[in-house]
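Data first, discussion second: the structure below is written as structure tokens.
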Amino acid sequence: MKSWREECGVFGVWNHEEASRLAYLGLYAMQHRGQESAGIVCLQNKAHLSHRGLGLVGDVFREETLEQLKGDTSIGHVRYSTTGDNLILNAQPLMANLLNGPVAIAHNGNIVNNAKLRHELQESGSIFQGTNDTETLLHLISRTKTNQIVPALMQSLEKIVGAYSIVLLTRDKLIAARDPLGFRPLVLGYKTNHKGQKSPVLASETCAFDLIGAQFSREILPGEILVIDDQGEKSYMLSSIPSPVDRAKAQCIFEHVYFSRPDSIVFGHSVYESRKKFGAWLAKENPLDADVVIPVPDSGVPAAIGYAKESGVPFEFGIIRNHYIGRTFIQPQQSIRNFGVKIKLNPQSAVLSGKRVVVVDDSLVRGTTSQKIVRLIRQAGAKEVHMRIASPPTISPCYYGVDTPQKSQLIAAQSTILEIEKFIEADSLRYLSIEGLFHAFGELPQTNFCAACFDGKYPTEIADGVA
Amino acid sequence: MKSWREECGVFGVWNHEEASRLAYLGLYAMQHRGQESAGIVCLQNKAHLSHRGLGLVGDVFREETLEQLKGDTSIGHVRYSTTGDNLILNAQPLMANLLNGPVAIAHNGNIVNNAKLRHELQESGSIFQGTNDTETLLHLISRTKTNQIVPALMQSLEKIVGAYSIVLLTRDKLIAARDPLGFRPLVLGYKTNHKGQKSPVLASETCAFDLIGAQFSREILPGEILVIDDQGEKSYMLSSIPSPVDRAKAQCIFEHVYFSRPDSIVFGHSVYESRKKFGAWLAKENPLDADVVIPVPDSGVPAAIGYAKESGVPFEFGIIRNHYIGRTFIQPQQSIRNFGVKIKLNPQSAVLSGKRVVVVDDSLVRGTTSQKIVRLIRQAGAKEVHMRIASPPTISPCYYGVDTPQKSQLIAAQSTILEIEKFIEADSLRYLSIEGLFHAFGELPQTNFCAACFDGKYPTEIADGVA
Amino acid sequence: MKSWREECGVFGVWNHEEASRLAYLGLYAMQHRGQESAGIVCLQNKAHLSHRGLGLVGDVFREETLEQLKGDTSIGHVRYSTTGDNLILNAQPLMANLLNGPVAIAHNGNIVNNAKLRHELQESGSIFQGTNDTETLLHLISRTKTNQIVPALMQSLEKIVGAYSIVLLTRDKLIAARDPLGFRPLVLGYKTNHKGQKSPVLASETCAFDLIGAQFSREILPGEILVIDDQGEKSYMLSSIPSPVDRAKAQCIFEHVYFSRPDSIVFGHSVYESRKKFGAWLAKENPLDADVVIPVPDSGVPAAIGYAKESGVPFEFGIIRNHYIGRTFIQPQQSIRNFGVKIKLNPQSAVLSGKRVVVVDDSLVRGTTSQKIVRLIRQAGAKEVHMRIASPPTISPCYYGVDTPQKSQLIAAQSTILEIEKFIEADSLRYLSIEGLFHAFGELPQTNFCAACFDGKYPTEIADGVA
Amino acid sequence: MKSWREECGVFGVWNHEEASRLAYLGLYAMQHRGQESAGIVCLQNKAHLSHRGLGLVGDVFREETLEQLKGDTSIGHVRYSTTGDNLILNAQPLMANLLNGPVAIAHNGNIVNNAKLRHELQESGSIFQGTNDTETLLHLISRTKTNQIVPALMQSLEKIVGAYSIVLLTRDKLIAARDPLGFRPLVLGYKTNHKGQKSPVLASETCAFDLIGAQFSREILPGEILVIDDQGEKSYMLSSIPSPVDRAKAQCIFEHVYFSRPDSIVFGHSVYESRKKFGAWLAKENPLDADVVIPVPDSGVPAAIGYAKESGVPFEFGIIRNHYIGRTFIQPQQSIRNFGVKIKLNPQSAVLSGKRVVVVDDSLVRGTTSQKIVRLIRQAGAKEVHMRIASPPTISPCYYGVDTPQKSQLIAAQSTILEIEKFIEADSLRYLSIEGLFHAFGELPQTNFCAACFDGKYPTEIADGVA
């Protein structure tokens, strides 16, 4: 139902006997970051072996597939992808056989100057298979004069403007790279292998480490290129940082608002705790007398707990979520109102009837879902319905790796809060302020974070638009 | 992970243009009652048309299938089923072409004297297709001397001992029947059809009504046979009630403890509220100083909320549940401990580290899952882990339509609470008492409920045993 | 394209380590006898294990399925089946668990008095699952008073009028039975097992023996019941033969005309040789000056070879058949004439241009396919097209296990040969005469064969019609 | 069973309302040229829309797929492909989005200097997706300085040594090209469209025209580039012809021996008639007293007919072929000898017993299949078995688009005819001589044909070898 979707999750592991199984599990733990394709590339006798497919991780991989992906180094990727025949061509990790051997890349982010780079490459004869911006990076690497991967990668990345957290595999190296502004998360950890050695592990989120029993070590730094091979680890920094605007880093605050799993530690903060604080601050900014606080499950739960604790209003699960949603769902034809929301969320009268209800959600994008939720809560007998959003109004699209609606479809870019309140038919609607957001988060001034979706201040040029 | 599984959900609708779509949605809302097969039979020109298959409702039915199941009356069924070639033969609704026309039956419950009845029928030449006890009822009906369905059904039911909530379809009648002790739930509601008439709807749980926008009217009474046809509704009561033992009704308390959806009203009580009360009473019976109360999600959530409110200890989502579990899941081979639980549940250090943790679950059957949960919570840094179960120890198998382990595998039937506490490695383990359960529930004395799984007092003879 | 289809093939093997694999191969060799469902039941520790499915043998069975069907005795079946939800319920072997153990039946043929028997059984309370006449036999067996399978089977068969070649499996016996008139073929052979013993094998056609390397021994006799168990083989004869009319046996001549594989020996004759003789006699009865003789492949090939040899006109493959026909085939919308035939058969100008062509087919049912073939041959440049049918005009439907069109759709039942000649647009059309057929076959007078489809003389009452 | 496999078939149609359906049917008729992948690209509003998949044409395309491939111009391709994850990347038509728009190529043949060209392209930064030589051509086109497709294609083709019959689609042109030596066939025809205009059609074989009702016009000439667009047709000739060796053309004689469908006209000859002539000449070169001539079906049939006619020995179908071979076939474990051949071919005693048998096959590659056939014929009772091969011994691999075994596995490259005769256990073995082959074919001297597989004389340099 959310129309603000993370585009990718990446994973990598070096020197572990069950490398592809760990990749599988790591992707599985990060399934929320991309549900339309999944892929794993492993290193086997200096060659790359891969399996990529459309669908959930659990559907794309079978026991027999993983059996074949033997080798002690793997990278993996989950993503949302586009439609049409080329679907599978966009599934990552992207692979190419360069003269010096195979290269596979898993990429989370978005190259802002992709259209220009792609056009230049096509003009000089490069052939593009898919529509994916990651392919541009592969071509840049292929076109460098050096046949050493680290300088080739550095030269290529210095031409790129945008967001990238990358895991790259050659025939003898596992490489992690994060753009100089650090838009997307990327973390390093270690898991002990069967010989008792510490195998380096890379992931978009720490929840992947939890599942596979790896120890979190540190974040890959903005602008860092970490090279892992048989000699150990070596770290490089990108020398020229393209187009920084008015800040030190541009880590995505929306990772904490909605994208990341609550049990991950992202940019040094617990996501669950951040959301609780957003909820608590929301209560502080907008005091209200009410009988019950309920979340829109599942993403609104931590903020609602924070709100309840701060406000003293009791927390309840007033809306029950049905998790048995299959791949396809058949709609009734006409006889059931607000059906799209109802199939997932059922507000229960036993909790809501006759009550003044505060309903807490993490964000509000188009408003249509919120409208249906308010209506359903009222049908369940609520006396008053007060919508509380644990983040500021979303007024600008994201160009850094998130699939967002155009500005014209962001209700807060087009309407006042009062108009939105009326549209969603709530007795009241309140958002968390930007200052409140960063105050609660403990990151004021917000010089290390990008909040362009809330404030319209893009940390890079965005001339190109988005692919 | 639960090894105490509800066996079925049933649904029926009369005189509605979208009958099969409503059945589909009703089954979808009751998917938790049976996830291994699903089926719908509809009435079309006095004939029966059916589609049954193995899998989730959303997988068994496609748009084109529902398109074919036209007609304004349908019944449906979800169930757990057995293995082997005959799987599909056991999928319900069961159907037969009797001389007087087609009969289809959807059954929730279990016939206790099935083996004896089946043997008698086979001796006189009846051929059984599956292993399902519902087939016995079909044969009994087929063998009656009358060719009228209502007396045939009543004569047949009077031979049966056990639990049954039945929805039955002939070529011109929709019939609901509930056994005299009322083990399993069965509710009647109404949904307005396109002509503005009130179409009767039957379901195991009210959450099915919520999804399709039907109004709950009343429960089908224990011993009632409700006949719906073009003449309207007529109610009959079974005259001879087989083998009642020491009580008025025997409604299943476990529906409130675990089976039913929290947003359903079952036996006149909100399941969500019951569970909150069980949790609150659990706190009252076993006071304890702690830092945080967390549920085992999702089934332990209401009880944990109740516990937290009663005890004053703050409620947190200390364990995050991953809902992206596919049909198959590939296990890692050896390197990850306690994996089976971890793939679904991730305790988060940010909430648990250094804390005295109360973890609330709805029930404890074998103890192996609880052990893993306790370990994971401790690995996440908890100082103390106190397991609280919002129901009494489960000491006896169920013979009334629930798939339970044998007595030898019920840990509470074999060990003292202290031994279990030690086995699951908790700092303390406490259960809710039976008296507390019914006190909290507001049903003391418990003359209307079966709690055989907790107290071993079976409301009927059980000579036969159950498969 | 043929609208005269055999309905089944049966197979059985006793005491061979690879019993289910042999069944698989035997069915595979008899795939032409039924392409819509396939099934195998094997005996494992006195229980029956089965796998049945819709589709070709090669699609229904996988390696892992056969792996599970272990045991040294199996029976199998291929058939055409009906449409709808009950499809799989009609797939054979049919199985039932009687009081004395499991019974599985594979049946080729048709019970002529099925409707009457079924009605009587239903009246006394039997429940039918499918629409299959074989189920009636199962019920008859189940209703007998004896609990010994051989008398039970004999009593049941004596109530049945019609065609049946049956292979039946109990928990300790493999039984073959053939109706008293011997409509359908059923043969016995032996294959040496791994211990060097001779394992009995049963099949509809000898081509099944060829593939598995078994030695043909003899035909099961009309009216014979052969019982195979650990004591060896015992043969019984049905004492009362129901409704014989004017002949000794009623073996189906159409098995030689079209159904059976040319490499089978059926009713003591090589099918390939019979067809060659039909073709030769056809040439003798209808001499004609021509340039080339071509078959309609594949079924017309042997007759065309016989015709060519007898007439001295050269034999050529003037029509090339494309064997890559998939499960579904997408039709062009409008721009291609006579497409349905063309997709399979391509007459080639190189052979036909400017020639007087004799085209030989095994039979002619509706005439529409023949019309298209004549047109295509003419388009390929033939000067004259003479259609020759190596069997008499088909004027009556079959009630003995063949899926035939109704009389109204048999062109020869409605039109003179001259009218058909005109309809199919041939320069001339000639059939083989009935006398010629049996003369060529070497079975004059035809007292041992049923030719009801050609002469309308049914060997039994047919009051019931056909299911 | 044949280990000498054609690698591709191509198709194209311009300006016909049912373009993709015609492509589907054309590919269907040429299924024998490639059974592992199939693809169609159509032109829709100046863009390309495609569907490609692994499997038979009838499985890759569904009605709904063809529905989407609307547009009045299409090209298509069938091929054998390699294994692994990249399978689908090699499926043709290959597509690329160049700066001047989309280009799609369907290619039959093989680029002999591919490795060198690919290495040069990679060195200057081109990224290859698959392992297919056709991709090299795409890169060459992309790297030309011109943005006009015709000069770009001509410049690219002039760098290529090898065999290619190509159909290419841009946003406004359909182009056919054939290499200067004309190794592979490519024909032009016309089909009337719904407006009564003549739509150009291209195909590897004329049998594709027969199925769709198109009129054969002429062959695309060796070295010709035919450009079809809204202005009509324009023909160009490649100016520099790379590496011709000692002959005018190098058309593949094996197309007549085995690859092409017998009902096609290839290089101006009827394939059926050629094979009959090969068989007749074989009889003339090796006279023998025998009782019966039988073909190895289906490919040996025309040669056997020719042999029989020339020798006067009667022709019979002594081996019956089972065409119901599914995708997978499960092997028996041990008890059946020579099974691999038997599952397809059943020699029948009725024809062979006691006879001196001449068995005619089109070619003999490894000898293992022939050995099994000889054994089976002998088991069927033949007194003598004489193998006759309607082509010369195959002694050299093909580098021009055929998947052949290495020289070491070509039995005739390693052994004398006498040794092969002994190996296959025949009473005698005779091949057709090369001179006989071309004499029968009517193309002596053979200056227009490549017979490198028989004589080892390659018409181009072959320095590179082939994958």
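Here the chain labels run A, B, C and D in written order, and each chain numbers its own residues starting at 1.
Methods note: a residue touches a chain if its C-beta (ideal position, glycine included) is under 8 Å from a C-beta of that chain, and two chains touch if they have at least 3 such contacts.
Small disclaimer: the values here were computed from a predicted structure and weren't measured.
Chemist: What's the farthest chain from subunit D if centres are computed as the mean of the Cα atoms?
Modeler: Here the answer is chain B, farthest from subunit D.
Chemist: Provide the C-alpha centroid distance between subunit B and subunit C, rounded to the nearest whole angstrom.
Modeler: Roughly 50 Å separates the two chain centres.
Chemist: Whole-Å distance, subunit B centre to subunit D centre, using C-alpha means?
Modeler: 62
Chemist: Can you compute the centre-to-centre distance for subunit C and subunit D, using the mean CA position of each chain? Integer Å is fine.
Modeler: 37
Chemist: Going by the touch rule set out above, which residues of subunit A reach two or more other chains?
Modeler: Residues of subunit A never touch two or more of the other chains.
Chemist: Once the touch criterion is applied, which pairs of chains come out as touching?
Modeler: Per the contact definition above, the touching pairs are A-B, A-D, B-C, C-D.
Chemist: What part of subunit C is in contact with subunit D in the complex they form?
Modeler: Per the stated touch rule, the residues are 16-18, 21-22, 24-25, 28-29, 31-32, 35, 56-59, 61-63, 66, 191, 193-194, 207, 210-213, 261-263, 265, 270, 272-273, 298, 301-302, 305, 309, 314-317, 320, 322-330, 332-337, 342-343, 346, 348, 350-351.
Chemist: Okay, in this complex, where on subunit A does subunit D touch?
Modeler: That would be residues 49-52, 85, 88, 96-99, 119, 122-123, 125-129, 138-139, 142-144 of subunit A.
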